[in-house]
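As structure tokens, the structure follows; a few thoughts come after it.
Lettered A, B, C and D in written order, each chain numbered from 1.
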Amino acid sequence: MIPLQQTPTLAPDWLALTPALLLGVFALLLFVFDSIDPDESNDGLLAGLATVGSVSAAVVAGVFLLLGIGAGDGVSLYGGQLVVDGMALFFMLIFTSVASLVCLGSIDYLEGHDDIAGYYSLVLLATTGMAMMAASNSLATIFVSLELLSLPSYGLVAYLKNNKGSVEAGMKYFLVGALSSAVFAYGISLIYGVTGSLLLSEVAGALQGGEVLTDLGGIFGVGVLMVAGGFAFKTASVPFHFWAPEAYEGAPAPVSAFLSSASKAAGFVVAFRVFIVAFPIESVAGTIDWVLLFQVLAVVTMTLGNFAAATQENVKRMLAYSSVGHAGYVLIGLAALTGQGNGEIVLGAGMIHLLVYGFMNTGAFLFVALVEYWGVGRTFEDYNGLATKAPIACVAMTVFMFSLAGLPIGGGFLSKYYLLAGAVGAGVWWLALVAAVNSALSLFYYSRVVKAMWIEEPNGNLDRIDVRGYPTGLYAAVVIAAIATVVLLPAIGIFSGVAFEAASAVLQIAP
Amino acid sequence: MMIEALVGLCLVGALVVFFAPDEYAGKLAFGWSLLPLALSALMYLNFDGRGNALLGGSLAFEEQFTWIALGPYELTWFMGLDGISMPLVVLSTLLTTLAILSAWTPIDERRNQFYGLVLFLEGSLIGVFGALDFFVWFVFWEAVLIPMYFLVGIWGGARRKYAAIKFFVYTNIASLVLFIGFFGLVFGLGDSISSLALPEIATALRAGELGPLAGGLIVPEQLRLLAFVAMFIGFGVKVPIVPFHTWLPDAHVEAPTPISVLLAGVLLKMGTYALLRFNFTMLPETARSLAVPIAAVAVISVIYGALLALGQSDLKRIVAYSSVSSMGYVILGLVAYTSYGIGGATFQMVSHGLISGLMFACVGVIYNVTHTREVGDMAGLADEMPLTVGALVAGAFAYAGLPLMAGFAAEFFIFVGAFQSTVIAGNGMAVMTALAMFGIVIVAGYLLWAMQRSLFGPFRFDGDYEVTRAARHDIAPLVVLIVVIIALGTFPNDTFFRMITDAVGPLVDGATAEAALGTGGGSP
Amino acid sequence: MAAESGVFTFAPAIAVLPFVSFLVALFAGKYMPKKGAVAGIAATAGSLLLSLVMLAQVASGHAHHMELYTWVGGEGVPFELTFGILLDQLSTLMLVIVSTIAFLVHVFSLGYMNDEGETGLPRYYAELGLFSASMLAFVFSDNVLMAFMFFELVGLCSYLLIGFWFRRPGPASAAKKAFLVTRFGDYFFLIGVVGIFATFGTGTFGGPGVEESFPELAEAAIAGGASVNTFFGLSPRAWFGVLGLLVLGGVMGKSAQFPFHTWLPDAMEGPTPVSALIHAATMVAAGVYLVARMYGFYALLPTVLAVIAFVGGFTALFAATMGVVKDEIKQVLAYSTISQYGYIMLALGGGGYVAGVFHLTTHAVFKALLFLGAGSVIIAMHHNENMWDMGGLKDRMPVTYYAFLSGSLALAGIVPFSGFWSKDEVLYETLVHGLGGSPLLLAAYAMGLLAVFFTGFYTFRMVLLTFHGEPRTDLAEDPEPVRWNVKIPLAILGVLAAVIGVINLVPVHALESSVPEFLHDWLYHGPEGLNGEHYHELITSPEFAGYSAGAIPGLGELGTLFASAGLSLAVALAGSAVALALYRAPAPEEHTAKLGSLKTLLYENYYQDEYQVWLAQDLTEETVAKNAKRFDDGVVDGFVDRVSDVSLVSGHFLRRVQTGIVSNYAALITLGLVVLLVAFGIVGGWFGGVFA
Amino acid sequence: MAVPVQYYLVLSAAVFCIGLFGILTRRNALMFLMSVELMLNAANINFVAFSFQHGNLTGQVFSLFTMALAAAEVAVGIGIILVLYRNFADVDVTKATTLRW
């Protein structure tokens, strides 16, 4: 997609934030509705409202993106606290589309639970937080919006109040999250101490020449590491990943989808922005070589995630670990910014992977939600012969699995191979090789699901499907996600162009 | 749009068949597969390509337009055929049709899914041979794995799950490795290329545009070597070359016969085809400098594979290992860099495809009846199923390189081409060739051995099935294959070899003129 | 040449006709009377006629060469590979021989197969037709590649026909053995062919209108007149020697020369007409024919010639000794066949081109005759081949007896039967060239001469045991009568065997020069570069083979000639006499016991099969292959499986990090952070100036 | 100025470490929560001190954000601890280990 020549401007700048604003407004609307009419008769309405909200936000974000609003340096708001550029809109699109799918899928999943409105408003608020994160251009706004994402997420994970797993997951997520945010805040304070500002651009400016680093290098380094820790928590990267398997497994499946896809992406967008804009590698390399840092994190993360996933018995937990593994892949986007090769390929590849991942991973978790809805069971054995009962959903799941594994049936193929190519281009062969080994291993465990569904014989636990029937909302969500995943293979060009534009803009590389 | 139409036909057919009612699926799939077959035949008759697709030849049925902008590089939808790929496309369509026919008897459950996947496989295969842009090619290359996984995993034999996952992961690793190797080259080329179109890359590489990678971290020489080795291993797994061959016997033995036919007939050729297109076309100097190890690998594959075949007692395993052996000849021919060598290698791809297909089909027909493939479990089948046995004997002798059959033609070309090659100083290639040629003795050995034990002698069958004659639609593919094999062996030039050598020419002329002139020799 | 090339345009039909009969028999055989025999007879008759026409054409001085079609060509390849027909004195002669015997064998088969009510006759006649086609095509091949191809095809037919009775284990195994042993020889042959093309860029034998043929190129290269690319830095002569020996591998395989002779006796498992056609007269002759065909090449290479001669002489003797003790009539004939081809090799190696071809011709006739005779006996004996169960058949089947006797006399080399003339010339040529200064040839000659004795012995032992004395079984008392279709071929061949010698009465010519040496003149007037005269020059020119004709001291050429003739005749008579003495009795008993341990050695054929079976089976298959399999499953494949096991196990351990206790997580997070801090602190050198 | 900024830094670091220690040693969810508060306050100390040193108000404003946020966090946290108690009849964070490996 080639952006228009002269970027169209919006009458008041703040309109550029429309997606985020829409989300917030709809969240509040939900509260209003709920307080006006607190009985559970109108679940559908609430769900619909939430879906409409997220979808509309998605549409707006997409339109802005394709119109090329904020192409280049982007629309800067509130003294540069927020900036709406290509990258921001691109990620808003990811968040909102994931949120839409989740809302759609949750309709059936939450049958018979109370306080539906709370659920959806939390989802929308979290999405708002993500949108703000995507646009944040200052450590302050980043911190606030990050917490705006975190706090609802805690609630969402623990949403099933009477389900031990859900509560335990919420507890762990919360505690680890609290710890991480404390670390994050402390790190910010140190960076502020060294540079005297929270605006990313000013931070970078203060680091120029690097005389501050000569005597305060240590403090700054510690700060950077702690900030990185905060992001590692959001992206579920080692060593801050420990919450992820539990939270994804224990949480309601749609929430797992939401967190593992959108929340992860949110963590990455700020990581990209902060490290590239605020800590330009050429000026901080001497003090803290964060490229090396992310290389280490990438290797450890993807290896741990994939190897641990390989031997799981529980599909949902397998997906949880694999999500950790994918965090490792995307970290290549930062780990390969060695200055050699062209950074916009790796960075853009990371963004594209997150986009595709948003659909395929969400779809996969929603399929798990579907199975949980049926109450068939959670282990691979329980999935045996599922294709005989639910072929369409199983085709979709097969698409998700193979696309996650990097086979050319969905966009995951291209994005993963973009990442590998980028790593090679940056001269980190070994990183690409590690990724390759992991990817092959992931093919093994993803295909276990496919094998169970298509190859194995049913073992008599499938008749429950007939009991509960085929839920429309979940099916719709799963199928849409599958179609999107497949379409993103040939149609990736629409977004890849934008992504590379945005990446190069962030990297200050003239496109 | 011919190639697109071909691929499209297959994929649409796949969908149609996939959702067709189970009982008609077989006939429908067969009927549908006749369309791509006819189309490819039409293309073959109207083939007007000249020269090598990657080296500035004029393509047949060319089609190119931008697909994706990958940062600095353009991914284009780029399809076209030259004398090397055209025969392989025909091979794919023909073998698929015959495989579908031979699947009627053995496949008795979930037929619509089976035939749908087969047609999907056909489409991907044609895509592999037709694509001339790296990413398009790679998409099809990987797409082939998906149907194979199901076809082996669902309809396979006892250890099908193990075989399927082994094939799946093994070849996937290979793909990743070759991808990394190839992109090392791409980034090494830097700005000298603007797209991932293979011709552009090949031209740039041969023009010596390759620069250092990652700011001098890896100098061009190392880069060439690394990339070559990575791609060689990556493709070698598919071929397969020793020691990366162990997925093959399992996959072959467990796969249902029609799939074995396609696996041996076409899928292995993907590896050698890619080797020819990438390693030996793009990095000729490196290939020459590595001629000794490569030729050694070829010889080892030939002899070791043949010995392994000799050691087996399962008919399918025998044929499977003999494929390893035959593919070794292809490698030998490729590294020779003479028109007879590379041309013969390409011709061998086609002929081995047909012959191994025939062999597997025959074994399959026998298996349908006896439900065993163990040589020891049967004897004297010739009396009970004369036609099948006749076809098997014909196939065996074709395998053993009987003149006027395709196998002999291909192998003789390879031998002549390799023998006169000068890529190894002091006529080393002549020695390698002589060694590899001993394969023709061993192959005759194990095939005749197996036939004598299982087909001849007094009739004996340990098994509680009634041995009956095979159905017509089981025999038909065998007959067709035999006819084609003899036609290719008797008129190699008029069928494929002329177009092959025409496409191979640019590869060798620049390479060793004097070898191509048949005067390449050691002594001054 | 355009004028009479009209006739030559029919030349391909010589091979095409039998091929058509092959197709007819294969697809329509079971609907036809005689199950396709008729088609075969008609086709071979046609071939015979055409061959005779071609012979006449060539006789009228028009050797002919024609390109059939280009197998591989075009600008894409450095050199073309073509199919063509070369009709010269040698090939037309051979064509006539082959088609004649093929025709007769087809007729004979009517009696041997049809009347015996065999099943699978269409297959039989199809394979017979295919064989005739391939053999004839091999004979008129104009280049070594085409020759190789049909060489292989006749091998296939031999495999199929030996295994015709595939239901019995014997034939199936024998067929496999025959193919494998010859294949082993063909392996070298193929390398030779490849080498010839790589060296000369052409494989044509020459002939009218052929601008360059490899024998000529080789000649020129050794003479220094042309440059071809030799390999491994060898001199042209040495490298050509290597090529010659490689091709010789195929020759020795097909012509059952030591050590590749082991397949032929087993091949007797096939139907007797097949043995007559393939394993006596024609296919086995293909090997030596090839040597004659490219004699212009071999004549350049004295060492190779010496090897040929020595192998031939040794094989002649070696096989003859084994024939002495055999009990089955066909076994005796098999070993005699091996032995006789040894003679032909001896002749060619000894520089006796004409002699070799001569013996090839006569042997084809009388050996075919003997096999057919044996076949007729076997019919009579209801497929009992043991001579000790026969006896006294003389009076009960006179036609067979007299025909067989004529053949036997020829085989034993008794004047004036054909075998005498040819064998005598063979020995004579070898002798004179040996005396010319080649002790190796003399040794070969000695062995050949000694073999004559054994030949005479086993021949008459066979005759006596089969036809003379008292019938030793009821079957022999009252044998099954044979019909015309058996007798006629026997009669024809019987006469031929007696008189065919006239085509080259060398000694007589020496006395009375008005008596012509037809064959000699015939072969000497071949086309440029393909005639005996040229070969003789090469043989004798010191630049090439460098043979020179010597004579027994004090006897002179003529004396030597007659001395040699007399000697061989005397030896043959001696051998025959011993046989008569031992087995003339009405009820002869086995004298083999007298041989003591030697007997077992001979019965076991010097344990030749044993070590070859050991090589093929015990060593290659049982040991090497099985161990390769073990290695592949255990090590190569095992490694792959280990890798996956290891990764899964390590996965199991990594899982355990996730203990489920959140405090541990906090601890691990802290630990990780601290580790990173310390590591990067050291890298970044923070601890230097933090609180400066 | 009276007190050099390094001292504040040391103080905050100490407070941070105390909080961290608490997290690592205490099993009671509430204590866990308080320790987190300590760590956040350590950050606040820094912000205020640095803002004083740099002479701009950014840090002080940020510290307000942090406090508000801490409060919100506690609110959510208490809620979660509540349901934790309901389900596991305990606020010991190490007791809930149904999800692991």
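Assume a contact is a pair of C-beta atoms (placed from the backbone, for glycine too) under 8 Å apart; a residue touches a chain by one contact, two chains touch by 3 or more.
Note that the coordinates shown come from a computational prediction; the quantities given were computed from them, not determined experimentally.
Averaging C-alpha coordinates per chain and comparing to subunit A, the farthest chain turns out to be C. When every chain is represented by the mean of its C-alpha atoms, the one lying closest to the mean of all protein C-alpha atoms is B. Averaging Cα coordinates per chain places subunit A and subunit C 77 Å apart.
Inter-chain spacing, taken between the CA centroids of subunit C and subunit D, is 97 Å. Here the CA centre of subunit A is 26 Å from the CA centre of subunit D. Inter-chain spacing, taken between the CA centroids of subunit A and subunit B, is 42 Å.
Residue positions of subunit D with contacts to 2 or more other chains are 23, 93, 96-100.
Looking at subunit B, residues 169 sit in touch with two or more other chains.
Residues of subunit A found to touch two or more other chains are 171-172, 175, 179, 183, 219, 245-246, 441, 444. Checking each pair of chains for touch leaves A-B, A-C, A-D, B-C, C-D.
Residues 70-79, 145, 148-150, 152-153, 156, 159, 163, 166-169, 172-173, 175-176, 179-180, 183-184, 187, 190-191, 194-195, 197-199, 201, 229-234, 616, 620-621, 624-626, 628-629, 632, 636-637, 640, 644 of subunit C are the ones that touch subunit B when the two sit in their complex. Within the complex formed with subunit B, the residues of subunit A that make contact are 338-342, 344-345, 348, 402, 405, 407-409, 413-414, 417-418, 420-421, 424-429, 432-433, 436-437, 439-441, 443-444, 447, 450-451, 454-455, 489-490, 492-493, 496-497, 500.
For subunit C in complex with subunit A, the residues that touch the partner chain are 644, 647-648, 650-652, 654-655, 657-658, 660, 662, 665-666, 668-669, 671-673, 676-677, 680-681, 683-690, 692. Interface residues of subunit A, counted against subunit C in their complex, comprise 171-172, 175-176, 179-180, 183, 214-219, 221-222, 225-226, 229, 238-240, 242-243, 245-246, 286-289, 292-293, 296, 304, 307-312, 441, 444. Subunit B makes touch with subunit C in their complex at residues 166, 169-170, 242-243, 245-247, 304, 307-308, 310-312, 338-340, 343, 380, 382-383, 397, 400, 402-404, 408-409, 412-413, 415-416, 419-420, 426-427, 430, 433-434, 437-438, 440-442, 444-445, 448-449, 451-452, 455-459, 491-493, 497-498, 500-502, 504-505, 516-523.
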